[in-house]
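The chains carry the letters A, B and C, assigned in the order they are written, with residues numbered from 1 in each.
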């Protein structure tokens, strides 16, 4: 019987339940700053913490002399309340089903049901009007079985969890918690500026969650994405693949024509930055039931620990 | 009977009739520089005028010690003459109707009629060939009634007008006249660079025109857009909404999934800039008959005057 | 009988056969650095060569005191091997036909056939599995007739060839070989930064290949594109058109609503940069049989030589 290595599902459960759709990442920022403050004394290296109004709700952690940066986006998909009983999507949420949504407006907590018309228009069912501009997210139903974790927002709270596990032993590297990834981006440009101009780091790994496909199966290891809508530079991919093989850790390769990540904005930044998306794959993408195999979580964390040493 | 506060419709009429589609904003630049030169002696604060080849056809005005910048784009939608009698759209003009178009080529002034095929191909009807590359815009038919102003290009000459009215009493702030908003953008990136690096301003208001929808009605006040295709940061929205309520001025809230503005490029710039779109709503969007309620113009100008003091 | 001026089709043939789809431009970089090293002693002005990890696989050449930069992208369209026998497009390749594709993986050279399903899914036919992540490009079949050159990848190896011919006599200017143009861009932002911040150059010409249309015919001269999906600034277009007329060289004008180039990223950069796309037009765009009239190649090179002196 498999014993999984990273067992503190309580932290992951907590992360998955934080209300932080794109534009409202401050709750994630607050949680992470408190978590770092409480836990860094147990970490091998104490990081410099870079945050403040110049970074909006983003956080950067510098460990030692960084050569590579890990990006993990904090925001999630969700919905904005319009008027009448209309909703507008934040990012690309799954709208196929009467999903439970939660949020809060000045009149108090909200728990309502998503309703989608055949034409794709989105509404909420709730006994009273919800204030215009209120954001709603999936209600978190976090489930752990022997081999799987199922929850909303494993994309990308699992990427954040991976970064926090990595932080425990990291000696040299940047960990960057970004915002707005699910909805148009906008924080990576200023994060990249600091990363290059202040820390002279030009290599990045994107700690994010990808998809189970006909070439990627659950339990076979973390996925190294050779491309999605964007194409990383071949020389960097080869460096990573060679290290991944050297690690002896299980991993899978993906090649996609669609999908995107914080890597896109690194690619388009005014700096020559190499990037690669590496993350566990999930089923039921962008739904309340995102499902990841626990072996792939172990593999993801171990691969990041290895790569951050060897790149 | 309502008496409207901002009565010089002559200035707005003039602004609406200037030929300046995206890429050809120099006529707007010339007009504004002349207007500023003639009128600034009457303004409460004399601004520093920043313009020149490093800003292409854009203009920045610095008043006092700015904390917030107002962006008003000068360009309009229109059409480029191809060859034969074909037209190509500049931005997203309304093409449903035999709209009158005007322009000028080396052979003289042009006034012709737009013809749209059922497949959406665009042509002009004119007795002679118009030179390839000539731009055409709607012929301006400016109409004032008791409660409404109707004209082409209220989007965004009304946003420019708002900025000029604001300039009369502004003490601290940046006013920025941008280009290319209707067609792919491209000036906000260098304007944002100056705004942040030279003036250390990281708050912006987008002085632009939005749409009448099933939640936004004419005459009920300026619209504060809580989101469109892009999502401003919640903490900034809350600051604005709290000030707006404090102002006692009439205003409406909008939540949209589509539409964009200069705010998009601020969001994606390599600086942590907060932005929010605030503007009157119009009917007959991007047509020769854009129509705005005069109470909403008053409300827009008064709201800008208030917010620029209180943000 | 027409005698064409630029006769060394051997160099162009060589350029067209180099395997360098977006993300794998290093072979082009190596070839160009070797070519420059071998040939620059014959050039009128010896350029400063700017390259290295800060530019990834891009190269900049500075001649004298530059006022204008020429951008030529080195990458090509192609295909990435997925798993099973699936392919994913790099850029927008023509997939209509059983085109021959070539590449190499650890098991050796690959020459296989493209197969497209009616739904547009892409596959390869080859006796063995090709390693995931391997890139394939069209097999080069370079054909010269009296008036035409036909080959894959004239877009944009002909733009590169044009830059190399220009280099022979250029006295003042930047020549910039960019990457990723066919697939999302990403190198122009850092190249523009160097171009403006280090060399103070704010004018650009895009040395790239456009399309034969109902207004652009083969053999009538290089095409000056007045717009595509993006719109250059009118004042710069007028400067170029006036110089082009002054040159006495044959040229044609294009106005398009679609298509894009390195000019798009210059437009969106945080610098006020003027740009214009000038290049020969081809038939059979993005196919193995791109076909350009030799008179248009001559006209393109001569026009660049003239404009780089007179802008």
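Note that a residue touches a chain if its C-beta (ideal position, glycine included) is under 8 Å from a C-beta of that chain, and two chains touch if they have at least 3 such contacts.
These figures come from a predicted structure and were not determined experimentally.
**Student:** Touching both chain A and chain B: give me those chains, sorted by label.
**Tutor:** Chains that touch both chain A and chain B, as defined above, are C.
**Student:** Counting shared numbers against all numbers at the contact of chain B and chain C, is it over half, same, or under half, different?
**Tutor:** Answer different: the two copies use largely distinct residue numbers here.
**Student:** State the superposition rotation angle between the two copies chain A and chain C, fitting on C-alpha atoms only and giving a multiple of 5 degrees from 0 to 180.
**Tutor:** 120
**Student:** If you average the Cα atoms of chain B and of chain C to get two centres, how far apart are those centres in Å?
**Tutor:** Averaging C-alpha atoms per chain gives centres 37 Å apart.
**Student:** Please output the residue numbers of chain A that touch at least 2 other chains, ranges allowed.
**Tutor:** As it turns out, chain A has residues touching two or more other chains at 269-270.
**Student:** Which residues, counting only chain B, touch chain A once they are in their complex?
**Tutor:** 202, 214-215, 226-227, 229-235, 237, 253, 255-257, 264, 267-272, 274
**Student:** Could you please specify the touching residues of chain C with respect to chain A in the complex?
**Tutor:** Going through chain C, the ones touching chain A are 22-24, 26, 53-58, 80-84, 88-90, 132-133, 135, 180, 183-187, 189-190, 192-193, 265, 269-270.
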